[in-house]
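Read the structure below first, then the notes.
By written order: A, B, C, D and E. Residues from 1 in each chain.
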Amino acid sequence: MPEDKSTEDQSAKTTGYSDRSYRLKRFCRRRFKIHGFARLLFRWKASVYKLLWREMIVFLGFYGVVSILYRFALKGTTKSNFEKLAFYAYDYTKVFPISFVLGFYVTVVFDRWWTQFKAIPWPDRCVYNIAAHVLGNDEEARIIRRTLVRYLNLSAIMIFRAGSKRVKKRFPTLTHIVEAGILTEEEKNILKDLPSTHPKYWVPCVWFVNLIRMTRKQGRIVSDPAMKTIVDELNNFRDKCDELYGFDWIIVPLVYTQVVTIATYSYFVACLLGRQYLDPEMKFEGHTIDLFFPGFTLLEFVFYVGWLKVAENLMNPFGEDDDDFDMNFIVDRNLQVSFLTVDDLYEMSLPIVRDQHFD
Amino acid sequence: MPEDKSTEDQSAKTTGYSDRSYRLKRFCRRRFKIHGFARLLFRWKASVYKLLWREMIVFLGFYGVVSILYRFALKGTTKSNFEKLAFYAYDYTKVFPISFVLGFYVTVVFDRWWTQFKAIPWPDRCVYNIAAHVLGNDEEARIIRRTLVRYLNLSAIMIFRAGSKRVKKRFPTLTHIVEAGILTEEEKNILKDLPSTHPKYWVPCVWFVNLIRMTRKQGRIVSDPAMKTIVDELNNFRDKCDELYGFDWIIVPLVYTQVVTIATYSYFVACLLGRQYLDPEMKFEGHTIDLFFPGFTLLEFVFYVGWLKVAENLMNPFGEDDDDFDMNFIVDRNLQVSFLTVDDLYEMSLPIVRDQHFD
Amino acid sequence: MPEDKSTEDQSAKTTGYSDRSYRLKRFCRRRFKIHGFARLLFRWKASVYKLLWREMIVFLGFYGVVSILYRFALKGTTKSNFEKLAFYAYDYTKVFPISFVLGFYVTVVFDRWWTQFKAIPWPDRCVYNIAAHVLGNDEEARIIRRTLVRYLNLSAIMIFRAGSKRVKKRFPTLTHIVEAGILTEEEKNILKDLPSTHPKYWVPCVWFVNLIRMTRKQGRIVSDPAMKTIVDELNNFRDKCDELYGFDWIIVPLVYTQVVTIATYSYFVACLLGRQYLDPEMKFEGHTIDLFFPGFTLLEFVFYVGWLKVAENLMNPFGEDDDDFDMNFIVDRNLQVSFLTVDDLYEMSLPIVRDQHFD
Amino acid sequence: MPEDKSTEDQSAKTTGYSDRSYRLKRFCRRRFKIHGFARLLFRWKASVYKLLWREMIVFLGFYGVVSILYRFALKGTTKSNFEKLAFYAYDYTKVFPISFVLGFYVTVVFDRWWTQFKAIPWPDRCVYNIAAHVLGNDEEARIIRRTLVRYLNLSAIMIFRAGSKRVKKRFPTLTHIVEAGILTEEEKNILKDLPSTHPKYWVPCVWFVNLIRMTRKQGRIVSDPAMKTIVDELNNFRDKCDELYGFDWIIVPLVYTQVVTIATYSYFVACLLGRQYLDPEMKFEGHTIDLFFPGFTLLEFVFYVGWLKVAENLMNPFGEDDDDFDMNFIVDRNLQVSFLTVDDLYEMSLPIVRDQHFD
Amino acid sequence: MPEDKSTEDQSAKTTGYSDRSYRLKRFCRRRFKIHGFARLLFRWKASVYKLLWREMIVFLGFYGVVSILYRFALKGTTKSNFEKLAFYAYDYTKVFPISFVLGFYVTVVFDRWWTQFKAIPWPDRCVYNIAAHVLGNDEEARIIRRTLVRYLNLSAIMIFRAGSKRVKKRFPTLTHIVEAGILTEEEKNILKDLPSTHPKYWVPCVWFVNLIRMTRKQGRIVSDPAMKTIVDELNNFRDKCDELYGFDWIIVPLVYTQVVTIATYSYFVACLLGRQYLDPEMKFEGHTIDLFFPGFTLLEFVFYVGWLKVAENLMNPFGEDDDDFDMNFIVDRNLQVSFLTVDDLYEMSLPIVRDQHFD
């Protein structure tokens, strides 16, 4: 049943993220047997390994260098001093509570990440109100509805460009937006000439209000409550744009991020010394075996630095990582849904028929 | 008093989940004596044992193999090396703070789980507004009210299909929805032909708006505030659908899940070695007794892996686990309540009588 | 000034909970001297001692039995093995991080508890709107207002019965509600005959809508915004009922509760062995003194199991514990306030007089 | 520029709390040099020292008594037993995780504290709507506006009296409210005679609705949306009152508070023994020095018991502590602002003039 | 394409904060290679080093003094006693759980910080409603719209002055606001003469209401819902002002801050003694090496005191630190956007043209 397919599985067809999301969900939805989350361990895309392989190589490289130095280069007192230093560093690794720091920090960043997703402006509420309240089947009515909807999408694209690298790449200049048919040449010039030193994503919203006022005067909007509700929804839409701008403007204080990063990195610098396998023949406590490869320490590295990477990823969800929000998908979806709603579907009249259970 | 019974205890009659929920509550509501939560330890359905018995067997199997190897296969230096390795692994288990990681992670996932429940769209607000504001007792009025309500339920079912495996099973194709009487053949064809590459659950909402606009023009909706309020509530309903779609689309970053899983699993890999009972005759510290069965370690396993299972379960609450939301129950409830409200109960007029305390 | 007394201190006169609450507050409000929270330690009602005395006795009993066995029954190798087992168990108690688990779990449950309190439907907003917008001093107007208010209270009582044991006891069947004058015989029969398999607390809300629609047609409600606002508030009221039903339906996953309970209980099983006073003459480390009574261990028991009890109590706040919400008090309060508002106080006209500061 | 002074710095002139707040902020606003929070350590008012000096003296007293007993009274085996007991108690202090418990508990209480502040009802929204929608410059219009505003303030004062000791002291009886000019003698009698057994703060809200209804009938309120919005805002105001009453009624479960208090107090009882300086000549591990004064232990005491005091303070923010909300300030501010808004400033007409930048 | 530049990159042109923010984001947006957060470690502006260098010098100074005393001044028993003291202090540093305390405290303060950002009043919603509903192209209409907008900005500036040092510096007296053209001389005098002892930021809101009432009477506002919505949005705006004032008035209890500060500072006082390198020749456990410079301890200092600095910074975000909100930027932006919206852009009529995709 291909038409169903096309209706249901589109989320899986979008690029990158949702593809992964889809497959993850397919995993999750299966009754968990022994695997479960375990199966997720063997994925590459958007995985901790993909994010960390460079860091892991660097860490292992340094570890190896220190290890080789200790095993072959150091002799006598120097060797003994290195061993003392290793114990000193080891003691330090036990003092440092990076798990708490990371736990609290990641929780804060996670909240912020989801709030940012919730702050993405969707034009739908406005669009439905336009479809419900801006009446008329003549060409001018169609143009007005299309223009209103165009302004909303324009405003969203302008704020997305400020925050999302992907959208910025797609629309590097206003001219590209003109070419995409979302801005007219004339409007571009007005935007350009406006003597404001601040981001101008709010200007299309003002145009929207002006057009709505005119439409009300013309009588295409027939009621005052309708007028009120459209303006209210425009304001809600614009508030979301402002909120997104606020997230772009006010970031998590640099100090907090630095503190967490310093804690994590200095922990692993200490590990470079403190987690070396010391000569078992010296009978140091806890150093009875020499495995050469720091397996568990590497797991620890994956774990803690991976946790820090979670924070890095969540901090800027509008980038181009595997896990970031696909803003271009949102732009396309919004354009399609809003034009379909106020134009193509507006005039489609379904027959009023009894449903199957009508007695 | 059977009619009461039927009114009060239906929550217990629904399948799976609420049955468990009901019994749990019966437990909880009793004055806790010595048992209390303790009694919950002996339940099977939706229990941690049911979720974990396979993993427990695998863990015990591996533990047993290692134990047998140590006891019978290893000799001399190899045995001694194994013992050193066990101590090394044991040290590692103390370093790893999986309780924090799991605590923070599960808290994040728990919040998300409940937010997802809150995001389920219920048509009730819209339905009550239709009952209050779409007037008329003639057949066309009835058809209009029923159609409006049908669109709402259709939209909800389409978004549920995208997220919930149970609903997808019940309505694998649009044709099944047609057969259930919630979609007409003609509407199905329109949905099918719509040139949109995104999920189409919003289309019935557009139909709803179109029908409302027509109904207002006909005068069956008599006031502008009523018109406004119906469109507003439709928007709220559709927002919930979008929110659910957002949860389906944007998942908790894979990295976070991997980090937590790696931490937990590597902890128990380390335990396979580090929690072995070493030969008491070797007089190792903390190895004075050989109990053969790793009782406390198994408890630890149940505890930590169970905690991880909590996260797995909460991560996708729209599946088919014992603990997942029963979306088909919601579909049925919504259909029943909404049609009863706008149709059967609409015309039922109760006599206006003095109540008992009327002086 | 007795009338003041009667105005101010009624919260203290309600049964059970608020009595305790009142006294607690009297404590808290006093300038804390050395006591403060300390004074709360000597209360019995709703206290941790009252909740735990049975468990404490059981724990001490088991502890005593083990202690006696160790002191008198065990000899030689058996005794020595027990001592080894005790050390093994003691090591285990240090591994287990129940404080984190309980901390995270109780925080989650606490949030849920307060959200449940916020979900209790209060009819006040609807009632005030009825008083403001349903006009008329004739008998029919009075009956209509009283009936509207009656439906609201009926709906609340029906949902309370589903969740609260106290309300269920007060109104075990619909007939009891009829007797209380909140439901008429005829309405009861309609409820009984309604072919719905789900809880029917929403049916009175539909009646409410039908009556409102009729009242608007009669012109007793004179404006469309008034009509809109009453329906909106009814929807808010019904949403609260649904939310309460949702809390009743979707509980904290059993797995989470089991995991926390297993952790706590296995900790104290390990304590039964590991916290025994071993023979001081054996010169075991940390076992230099024999106090017979496990004072600090008992404090630990009170502390951890008490923390778990907090979760148990908060999990189901609609029960009959000292700390649970007194739903019958809410039912009474709602009935009284709503009938007074729409009926007795409706016609009471206060003279419009200059206030004291009017210049 | 004294008028500026009077405009800007009034927050500093209010009693108690804001004075402290003001000075704290003056600290905080200065560029932090080396001090910063450090400077706050040397404040007395509302400080941890002021709150704890009594407890500190008691703790030191007990510590001193135990210390003197150990040093001078105990001999031989008794002394040795005491030393064993001290080690036992010391072990116990390490087992007890009071930092987690306090951390989770204080976080919960802190949230509740701020939510309580947000629940304080401010009449401003209602007042502005009265100013905007209740028209007329004649005396009756003035009286109506003043009466409406009076009812709001009366309702707020009645609920404040129930929760805040300061307001209760200011208005111990309804007669005191009459004397303050917020209640008339006649209204007092109605309140007194009302046959309700519950707090009556909602009654003035009903009077408000009755008066609004009359005013609408008179035509002083000219539009239905205005009528609707005033009733809505009244409901929001009354909801806040209810919320405050809810906080007064449903407190944090006593068990939780007891558990935290037991943990903290038993920790320091254990410290009385376990943190004694044992005879250095006995060569006990960790007891190589005798400082007589338990400096660090006292810091720990200040820290942990101070943390508990934070919870005590936040638990009841409507009391008379330095840190509590100054409810009488709020009462005064509300009275002044609301009467100025609807009366004095209502008729003040500012000339409509071009502003400076008008081109 | 310079006009684009000017549209997109303005956020980077504002002073201080956003400059940093911009560069940080440029970092973050690049695909993280090995650096990532690591790169942030080498920044100075708003960094932890810039905040802490003074404290670090002081700490190192004290550490050095103690170290020199130990190495050169102390002999014999005194030296030995110092060593005992150092061990005693070292034990203490392990007891103190400052990571939890800081974790919980910073989380609380972080929430409050972001809530404060959300509480900043933006006039945009009001402004758009004025543009939509206050009609007329004549000069008086323009003046009215400009005056309404002026009152909003005036109110915001007055509340900003109370909280933000930067705005207070810019407008030290009302006369400065007059000079900026936001207040007229006459209005200043009224503000000055108003017999209120509380902050007067609400007075312009009352003027706003009075002017709106007059405008409605004149018929420039043509509908009642428009009137209602403007008053509602004014109330939302004023609520934000009140919320900001509330944050200014009710601070985090001093006790909590003191407790956290005491914990952190006493930890590092203990470190001054306990983390000294003791003579390796004494063979003390863990003191086998003498590195002279306390590298790891300094990292710990940076980490913990840095974490405390995060709290200090977040506590008062309206100051003049690198990380604080730039309130003057907000004042400018609001003035520009609001006057452009209601005046310059109000009359700009865009031609109604078919868009590019119009078929």
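Keep in mind that, in the parts below, a contact is a pair of C-beta atoms (placed from the backbone, for glycine too) under 8 Å apart; a residue touches a chain by one contact, two chains touch by 3 or more.
Since we're looking at a predicted model, the values are computed, not measured.
Asker: Rotation angle, chain A onto chain C: superpose the C-alpha atoms of these two copies and give the value as a multiple of 5 degrees.
Answerer: 145
Asker: Residue numbers at the chain A-chain E interface: does the shared fraction exceed half, giving same, or fall under half, giving different?
Answerer: Copies use mostly different positions to touch.
Asker: As a quick test, compute the distance in whole Å between the mean CA positions of chain A and chain D.
Answerer: One centre to the other, that is 39 Å.
Asker: With centres defined as the mean C-alpha position, give me the chain D-chain E separation in Å.
Answerer: Centres of chain D and chain E (C-alpha means) sit 24 Å apart.
Asker: Got the chain D residues that touch at least 2 other chains?
Answerer: Where chain D meets two or more other chains at a single residue, that happens at 51, 100, 103-104, 107, 224-225, 228, 309.
Asker: With chains as vertices joined when they touch, what's the shape: line, ring, star, complete or other?
Answerer: Contact map by chain: ring.
Asker: What residues on chain B touch chain A, complex-wise?
Answerer: 51, 54-55, 58, 81, 84-85, 87-89, 91-92, 95-97, 100-101, 103-104, 107-108, 112, 140, 142-144, 146-147, 150, 158, 161-162, 165, 168, 172-175, 181-182, 184, 186-187, 190-192, 194, 196-200, 202-203, 205-207, 209-214, 224-225, 227-228, 231-232, 234-235, 238-239, 242, 245-246, 248-251, 253-263, 265-266, 270, 308-309, 311-312, 315-316, 319-321, 339
Asker: If we count contacts the way the header does, which residues on chain D are in touch with chain E in the complex?
Answerer: Within the complex, chain D touches chain E at residues 1, 3-4, 6-8, 10-11, 13, 17-18, 20-21, 24-25, 28-29, 31-34, 36-38, 40-41, 43, 46-48, 51, 94, 99-100, 103-104, 106-107, 110, 114, 117, 122, 124-125, 128-129, 131-133, 135, 222-226, 228-229, 233, 280, 286, 288-289, 291, 296, 299-300, 302-303, 306-307, 309-310, 313-314, 323, 325, 333, 336-337, 340-341, 345-346, 348-358.
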